[in-house]
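Next up: some structures, all given as structure tokens.
You will see subunit A twice below: alongside subunit B first, and alongside subunit C after that.
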Partner chain A sequence: MTATSAPAAPRATVARRAAGSVILGSGRLLRLELRHNAMLWLLPVAFALFWYNGYREIMALPPMWNLRAMTLQNRLLFDLMVPATAAAAWMGSREGRRGITELVTGTARPRWSRQLATWGATTAWAEVGCLACVAVVYLITARQASWGGPLWWPAVVSAAGVPALTAIGFAAGAWFPGRFVTPLVTVVVFFGLAFGTQAASGDHAYWQVSPLIAGAFDIGAAPGVASFYPYLPDLSIAQVMFAAGLAVAILGALGIPVARMRWLAAAVTAAGLAAAGTAVALAGTGRLDPHGMIAIPALHDAAAGQPVRYTPACNRSPIPICVHPAYAGFLPAVATAVGSELTEFAGLPGAPARISQVAPVYQQEPGNGINVSAHVSGASQFIVPDPLPGQPGGTSDQFAANLAQGLGLQLASHVILGGTGRAAIPGPGQAGLAVIAGSVRFPPSVEARDLAPLYGSLLPQPGSPAAQAARRFAALSPAARHAWLAAHLAALRAGRVTLAQLP
Partner chain B sequence: MTAAAVRLVRMHAVSRRVPAALVLLAACAAGLRGTLYGHWDAYGALQLPLVFETACAAIIAVTAGSPFGEPERATGRWLPYLRLGTAVTFTALASGALAVAGTGMPLAGGFPDIVRNVAGLTGIGLLCATVLGGPLAWTGPLAYLVAGVYGLYTDWHPPALSTPWIWPARPPHDVGGALCAAAVFAAGLAAITLRGARERPAGDGPA
Partner chain C sequence: MNVEITDLTRRFGRNQAVAGVSLQAGPGVFGLLGPNGAGKTTLLRMMATVIPPTTGRLRLLDRDPGAYGPRREVRRRLGYLPQNLGYYPGFTVAEFVEYFALLKEMPAARVPAAVATAVERVDLGGMARAKLRTLSGGMLRRVGIAQAIVNEPELLLLDEPTAGLDPEQRVRFRALLREFGQRATVVVSTHLVEDVGAACSQVALMDQGKVVFDGTPGELTARGTEQGTGDAPLERGYTAVLAAARA
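Up next, the complex of A and B:
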């Protein structure tokens, strides 16, 4: 026993010491590479680009986690693309640029190992930049948001995209060292990633695997997505798998020329390619679910389709309006936009006791078209129109106009016509049309338009006697209109009121 | 032009990797031509030329680096003129190549846009070469590419960037954008002519 085990103990000790030495040596090498890395110098450029291109627009968005997190995914990697890829290419081409490839061949570590340390240091600094940007946006949003918590998947996708960018840049620099390789590979990556998304068409597009795409391509960051239902991680998982697979495949390919590691490197490359290819295939099986997110059957968790529980935020208007708490900041704007209608119709027969926001329903159309609708039953439900003020292209005036056209007209027509709904109207009387038109407060920007194509069945013809009566009715205060309607609504619905009888 | 002058120009060109740069400029033009055959939405159509213009500017800027340093400066009386001539010739060649590549194709902005953007981006690159050195001269044009692409994006998503310093986002015949691009190009030319690309005693840059 002693004779056989005695030599084994020193061997194990030697092996442990050797392993410890390797780890220690790798740590020192990584530390050296971290201290002398181009990405460290390019971090200010990365931060400046993110501030200019992403941060200002993200912070201008309404403080809703879904909007900001999904926009962050789209912008962050875009802004890191140039500095991260360029720094990696610069570092990868170092030995070739300086003509020391032969000199370092004789060092103790194989070239692949040295390259991985350099790539690791470059990626570490790039990740520091990425995570710092995420932290700033999320911390500020946490202080501003009225509901919900951080969406981590968009941040994970961004963080997973960084190693892929640096791997591409590093490999290009290592394989083609020269003064032109850094700008060229950076431009190529920029072109491929930024413009590759243009090939995405519909919810089955393979290009959805691009880490820049957050959610359905033609919806992007929309307030109705991931508010009423949880954020689906299906597409994010595929994107992370693709980015990680790509990085592993490229890094594995770097080691193939190393004679004693050829098979290991080839296996790593094959595994990476398999992961990336699988992710692309999975992205191609995606479909737009009714809640505006991409569901991938193989990755989908059916439990994730349950609606989010929340306590609505309501106001104290004559007819209370209740919205999803994430929209609480917009409740005053909603109440103001339809305030006169709420005062006018409160308590009348057929008027709802309260009006609640419901989730929009998304449906894929041919190409990149997506139909956004709402399953609204009566006047007691509505959807908050998109875009919200603060979103690209969204203004307060436009938001108020959309509310007047949607919620205001819906409420007025429902009460005046007796809850029959627009589709069931056989042909409302002229007095009814005049009252509807006189009750809905279209903003000036809307009044100037011809609303007939959209609301011809609910509004009088411009210039007609009914339109003149509508102007007369609109001149009354909401309280006066309410009093008149309380006395004449039944007769109005029955068609027994003429235009001349309108106040 | 004497044989000695021709030889001087040739040696200067070779030392700056001008033949390789010419091939790459031609490749950029071919790449632009090839991509213009594709179907792009409004974003893509407007932003696409800027990518190739940036690539050309980065290539021109990188060629500014000298592999010789002090000996060349000490003995080369004609060096400033050679640097000026190289930069101007390259800028003209790049603009011409991209314009030819866009002939008969739906190239957004047309020739005025190409000339303005290539000149301005090259100016940024030459300034970077003066400050950071030739091998790192690509940093300016590539960083500006992101800013320019974002500027074009804001044309659809207000508030649009109205500063003429983001000239790619301005219309092709906009005087303010053209003046800013021309000013940057002139500054870059002056800097590279008078001072040349920065030389780093310890190597070609960080790491």
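Up next, the complex of A and C:
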């Protein structure tokens, strides 16, 4: 035993040293490639593109993790795509362009290994750019957000998409070395990725696998998504699997021409294609869950459907309004928008003691449509309307109008009509309609004719006696209206008040 | 023998660049002479394992480079300077040589010292940190030589190594060749017969893909005593052999 084991120790030592030397050598090679990589020089371009196209839009959004993280996923990879793909194509074509192929072919290190070092360096710099952008957005959001923490999955998807982009560019450059392959492949990838997202339609679309798509494509980044319920990683997992599979398949294909490694490279390529194909198939089985996220049955964790625990943020208005803490920044705006209604109806029979925000409910409709509703019981619950001020298309006036149309009208109708709600009113009295219309303070930008299609049964026709009475009632102060309602609400509900009797 | 070539051929489409070459070379400096298009570069590329032969037998450093494993072993012990040296303009001299040391899978711990030695040997020690884009053609050629010798190769293949070198550098380069030739096989393809005369212990003359002379520089010189043309004795031998081969 001694005789046989004695030489084993030196052999093991030699093997360890050899492995250490290989690792050290690969590290030195990577360092050289990092030092002389086109992506390093394109990082300022990447940052400038992100600042112009993504950062400004993301930072204009309300400081909510879900909005910013999901928008980041949608923008970041798109902004990095041009510099990352171009740098990778340039580096991939380097040997051919520089006429050094023959020189490096006669070296011992396999071509595949050499190429992976170059691709790795390119990808590393692109990842640095990606993660720097994520870090900036997340650090600023962490200082501004009123609740919650970073959503990592959108960042992970973006980071996983970078190697796929660089692999596409690098392979194109390596296979077709030339000066024109760089702009060509960049343009092709740009349009492919941009138009690829446009092909996504509905919650079963295979195109959802595009790493640019965060959540349900037809909703996009919505404040109600991933606030009341956890962020569902199902689609993100499929997207990471797709991006990683694509990168692995392309990098494997680069190694197929290497004689000794042909089978290994082919196996790697096949594994990558299988992963990417599986991810596409999984994305096609997605369905929009009621919380606004794409659930993929094969990847879904039922435990993720439990609501998030939170302590609501409430104000001190006559009827306190409580919102999800992520919306805390909008509480003053909500209170201001319906302030007069809160003063007018506080303490009246049927008025809620508190009004709490509830989660919106999302439902996929045929085609691209998604219905957003709320399971609201009475006037004590409401949903904060989309879009919030700061979101695309969202202004403070529009937000206030939406609140008046929703929460204000809901509160007024509930109190005036005796808690039955507008859906149950077959034919409310004219005085009741006038009081509702006079109580709800629609912003000046909202015309009665705009509301008529929505609330025709609750609002008097423009120019009618009821409309004139409503204007008269609206001219009173909230306190005066409150006093009148306190005295006449029962009669009003019973239909015993005429338009002429309204103050 | 470090190089054993038997009936080696290489075709590019209809063109037969190398047509049945047989050669043997042990340690020493082996000169490969011949006119343009004689097949010298193609033969050197096959010996550098850059392209495979069409037919024939090639053994380098007692290994068959046709198989992947032996070919990789040969490449670790090989130095090659192609006729047209491509380079990365942004690399410094030292980085470029280090890059090839790493590609030749030298033990990583030995690389820094080997790079410094190789750069010094081609008299570029003072330019080690200079970017390649700032160097003259002759300096670039010396960088190419440095990358070829960085791994202390047992088989050194140089295609027109002295092209672009000034006379002083050519003299120093010949000394370097002789130094390497004491322990390794150095194959030098060149048009410059004076390089062969000064540095080579053995010489082969190729024409139209075939070896038409294989011997010492002295034997080649002897062939030119009667009918060769040229200014130098070796040139006269060169032209005499070519004329005889074409006759």
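Quick note on the criterion: the second predicted complex is superposed on the first by the 500 of 503 C-alpha atoms of A that agree within 3 Å, B and C clash if a C-alpha of one lies under 4 Å from a C-alpha of the other, contacts with A are read in each partner's own complex, and residues count from 1 in each chain.
As a working rule, a contact is a pair of C-beta atoms (placed from the backbone, for glycine too) under 8 Å apart; a residue touches a chain by one contact, two chains touch by 3 or more.
What you are looking at is a predicted structure, and each value in this text was computed from that prediction instead of being measured.
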item	value
First (subunit B), second (subunit C), both or neither touched by A:H204	neither
Which superposed partner A:R260 touches (first subunit B, second subunit C, both, neither)	second
Touched partner set for A:R287, first subunit B, second subunit C, both or neither	neither
Contacts of A:L24 with subunit B and subunit C, given as first, second, both or neither	second
First, second, both or neither for A:F78, with subunit B first and subunit C second	first
Greater subunit A contact set [subunit C / subunit B]	B
Touching partner for A:L32 - first (subunit B), second (subunit C), both, neither	second
Which superposed partner A:P183 touches (first subunit B, second subunit C, both, neither)	first
Partner chain in contact with A:P392 - subunit B first, subunit C second, else both or neither	first
Which of subunit B and subunit C A:R114 touches, first, second, both or neither	second
Common ground on subunit A, meaning residues reached by subunit C in one complex and by subunit B in the other	36, 94, 98
Subunit A residues within the subunit C interface of the complex	21-22, 24-25, 27-29, 32, 35-36, 94-95, 98-110, 114, 259-260
Sites on subunit B touched by subunit A in the complex	17, 20-21, 24, 40-41, 43-44, 47-48, 51, 54-55, 58-59, 62-63, 65, 134-136, 138-139, 141-143, 145-147, 149-150, 156-158, 203-207
Touching residues (chain side subunit C, partner subunit A) in the complex	45, 48-50, 68-69, 72-73, 75-76, 78, 80, 82, 84-91, 95, 98-100, 102-109, 111, 147
Parts of subunit A lying in touch with subunit B, wherever the complex brings them together	36-38, 40-42, 45, 48-49, 52-53, 78-79, 81-83, 86, 90-91, 94, 97-98, 178-180, 182-184, 186-187, 190-191, 194-195, 198, 392-393
